[in-house]
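One chain, chain A, appears in both complexes that follow, with chain B as partner in the first and chain C in the second.
After this line comes the complex of A and B, so read on.
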């Protein structure tokens, strides 16, 4: 399928841009790369030579955080433009080699890291979790790629399983049959692969009679909720589920943690999907958890740079990473824990804690891990 | 410039758990994913780059069952013009594979025949060289660079110790291609879907006139895991404990 860049003007409404610069002003990578959204919109609109624009390395610096398009007063589809250009490039095979590998791995093994498909549920082996196919449930706990394979994020998956079991939630996982949700795949420009994943996953969920989906990652949540065309199954991020369980009295958070904690809103949970209150409600329900709000919070949360395929990109940006800036902001608030609710945020912050040399002063935790600690499960 | 590229579909084993079949003659493959042999991917990309420079046609050939068609489709998506699948039982006898390929390519006007240096699964590294011998053509193996000029190919070969050899080979010739000779492009799913509509010719051994019933040079009697080395020591514990033990060992060895 050939893509004609001339359709971008209409598809992404480039002609209604008033060149106000709001997009560039709010862009979290504007100091770290030559990416300039305002210019990109105008140049793509007026150019006779699109292929020279498409060759710019900074197109891969965008994290698809969506700050630009959410703030644009005219309704230009900025992030869709980036994804459209990346799709144009992917179809021509012209993507950076690390992105290429991530996409090829996903087609072959169902995850961007190319880890063995049969090992996807190894983390759950001794947890007594139901697996679709062997047993059934109306609730699918969709784990996702990073929480299945990354040892740091597996701890979030394990915590949630224990929490759900403790609260008596009936659920099952897909085990080896789970494949990537495709959210990042679409953002790396592989629209056709995204469509295939969406189609295959939707068919699988329906065949298994799934009535509700719970996700760990806000990225999977976003894909299922907003971008799967025929899913029609209610989707919840786990923070929404935990709030319900706490409010229904099914989770007794009894252990005093004695920590001061601040919270980083993940872009795909917060500004893009408006789940702001649930994570805060959970933190406020944990005994001995002194919650401090960050200055840049909720819609203004500073992107950690883990989205938009940046987990698989190399370089393209310079200077201090936003993750480090964020860690410093948290330390300046005298918070001893930086909590978040996204596998990518968790991983980028774990890196940043180390590179900034602040590992003695602050720890990074997922909200699910804090809830688990407060549950005092042996 | 017409180029034939011989390719193979192989199981991906790098990340996988490997088990041996009951008869002990092969590994279990039902839980593995299959793909185009890595070396062959570089060979196809190189052929397409040469075609872009010197014009002509790129034909890809494979020997194997129905499923092998998927790697041909991938090659077509990469820019090959035509594809041929030769239906034959799989064999780990490199000589037999070369004989079939020689029968399929002889008498055709190829300027170059490319193969990968070796296959990821068997790793014999024989087919390209044996094919050249059977066709009576000059060859170069482990090729890392190709330039074509006046009916000759100037090629660079990788030797041990980082040394390179520069050769001039008269065309037509057979070259076995080393990884890293080029930067493979991403092959998008939409390109693969488009390529599925292109025709793949399917032929049997008899159709290409291959009748040899010569006994096989090599058959596999047994596969086994390498014995566990005595030198390997697996450290156990939490990451912190393991790092502690490791630093102790490094300190000791250094001293």
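After this line comes the complex of A and C, so read on.
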């Protein structure tokens, strides 16, 4: 298959790049990989040998955090360019084997880890959760892949179910019928598979009469909100729902936690979708929760490297991981808890706490878990 | 009466002749009804070309002329003057545009010539029905309103006052001087801004031709060029300026000890509720800020200022006042707003100390500023490393696409001052260096020689590591990402249109360009005029400018105003609307649609009537009038329909050329 670089130039606005380096300067993997976004734009613009560019390992180092595109003064679509090149590689079957497996798994089992589709709702077995098909609701609690299968993230799913039940929220989950949202699939380059997932999920949600979607992962939130072409159903990240419940007096956070906590803004929630205040409002309404702002917060949050298919990619980067940098930054603030609101952030930080040997000094929690703790009356 | 039309076809060198067969046009137009003479010539606008036409007018008794040439925007005035000089009414001219609308946009010579024939025939058909018109004349008020008293407004006011005319200079804030009064030294000569500027501000206060109205805003403008009627609202300062000596005792006495951020010091220092912003302020009078004054905002205060004032100047009963001024011309010089870097959160402005805007640095470096010119960090220490970021809020799709023009030079000047005063390591993060003015490139070389590091890459973000600011960017010339710890960052904040630009535009009836600044009448040839006759622009309200350009533009606006006012009377195009009182049914549709409020209803007669002084001849009333009572001079139904009929006529049938055949209008 041949690709005409002119397509890239046109689709991703490469010819308007003024080579100012804002992209590279703010890139979270700039010191961890040879990826230089500015130079990539220039080279893709000028090259007549596209395959020499597309073979580079560092193309898989991009976390698609979108700091570059959001700051670009010229409106170059850098991240879309990366995804475009990955799509080219996916179509040729030239993606790294771990990525290939993740894509195949999603096609077969509806999740990138290749866990059995039939066991997707095992975590919810004893929680008394309504499941679409057996019962119905206007609100879909879309769980997502990691929160369904990963034991660490399942605790977030469980917490949210208990919180919603306590607040009297009527909702149902899809159970075995739930499939991957496709956000990471698109970022790994499989545009066709993403389109299929979007189409199938949209049809399913509409068939079930869903009027509102709540997601756990900011990645699912992003896909539904910004990238599903025909969805037209309001989507909320769970932090937005919790703030509403707290403000409406439906959640009584009564237990003093007695912790000092800082918060890491997930890229797909914060800088990409501008949900900055809700997580902070929640933390500030938990009793005995001393909230400390991180040095690099909100739009300047440092990507944890969990996005853009990096959960399934190997190599392409070297040196100290951003996750470890973040853990050290949190410890330096004397925070005992690093809170976040994204399954991928949670997992990368859990790893980093162990690799940096700081498990004695700090714990990583999802905001939902902290809310759950504050709800429990001794 | 038989009409003698002369038709002249211009080659415009090869501009027209290369694509259109001009000789064929001569043959063709000779046969058109009413045409007595047709000729072609290489350049009709040249002296020999014009002489040719003049000779024909005299010898052949021509009474109407059609010029087939370029757009009427180019040379309509030239040929109208020619007709006038030969005793023919200039409105008996018609221009057939066969360049912009024909030769320039076509390649096929045959088809282009065919199209030119259509255009020419329509022009001849139209000129047959054109009528002699006489321009209207109005007297001119020999006085000027200048809005905004920064360097632009001050320069313009002084120029005009120097020419012997009365100027009303209106300033919204309580003091004149604008942004230039805030600057330390100016690039590239490093003149001290207040040293060169104070004589001007003092002269404004002293000059008897200038009436200075501070704390005032223009609220209403009616009338037209030469005869504007304006209303100016003078907001209360709660201090009687006649009694106030500017001693400052009241300021010392004000109970608001903690103060509020000083506007003049860009928030780098605080002021009391009653204040004099800086020692050289003009007028040197205290004013009360009603937002922070406890008496005015909360209704309760010990009024220590009243006690302290020996002159008895405080007057809390002062009310706003509306002043009416009739002026012949207006200059708008309302300036700019500096870009607010809160809008770009990646730079941590407002989050961290020691990140400043360009103007904040000016105050820091100014000898009259909060640090008396010492460049110190918030904790009072001397910075060891400083970064300057270019293009903050300029050349950026996310904020403003325009280049703010001054920031490269301002940044480099500030780098020079910082280097001189602190000896710090200095980094300039830039995309391109725009050193376009006289002596600017030389200054750029000079600061490089002084050891300032230039890093070609836009600053991407600022964060803190180990208690120190870190600037992140890419050195794009090396292709390497860099993170440099510094103590102070100065954001080269750009210039934006003022937040109230839309309101000002509406008050004066002018428009704005896409960047939000006020729009000039022509970007090259009428850079200080607006599309409203008699209203001119000066300085940064029209677009970002440095001081030399601002001053030059202000003087240009002053010259325009003086050349206009010196005429004593003004000729206005007679191509306006009239309403036939016999046909008008008094439906008032024209009054509703008129964008210039130029039509009034005569209650006694029950009909509408056009105010000639206000009508701009847009034709809206003519189009909407159901009775065809409204008539647009020089664009009558007959004239326009004759042109249209001729254009839609397929065959070149000479017999069908009577322009009056198909028209069914009243005129």
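Assume the second predicted complex is superposed on the first by the 371 of 378 C-alpha atoms of A that agree within 3 Å, B and C clash if a C-alpha of one lies under 4 Å from a C-alpha of the other, contacts with A are read in each partner's own complex, and residues count from 1 in each chain.
Quick note on the criterion: contacts are C-beta pairs under 8 Å (C-beta built on N, C-alpha and C of every residue); 3 or more make two chains touch, one makes a residue touch a chain.
Keep in mind it's a predicted model, so treat the numbers as computed, not measured.
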Legend entry - Partner chain in contact with A:95 - chain B first, chain C second, else both or neither: first
Inset, instruction - Examine A:116 and indicate which partner it touches, taking first as chain B and second as chain C; both and neither are also allowed. - result: first
Inset, instruction - Considering only touches as defined above, state whether A:24 meets chain B (first), chain C (second), both or neither. - result: second
Inset, instruction - Using the superposition on chain A described above, determine whether A:74 touches chain B (first), chain C (second), both, or neither. - result: second
Inset, instruction - Once the structures are superposed on A, label A:190 by its partner contacts, choosing first (chain B), second (chain C), both or neither. - result: first
Legend entry - Complex interface listing, chain B residues touching chain A: 12, 15-17, 31, 33, 35, 183-191, 193-194
Legend entry - For the chain C and chain A complex, residues of the former touching the latter: 345-346, 348, 391, 395-398, 431, 456-461, 463-465, 472-476, 479, 481-482
Legend entry - chain A residues within the chain B interface of the complex: 1, 90-95, 97, 99-100, 103-104, 107-109, 114-119, 190-193, 196
Legend entry - Complex contacts: residues of chain A adjacent to chain C: 18-27, 30-31, 36, 38-39, 70-75, 295-296, 298-300
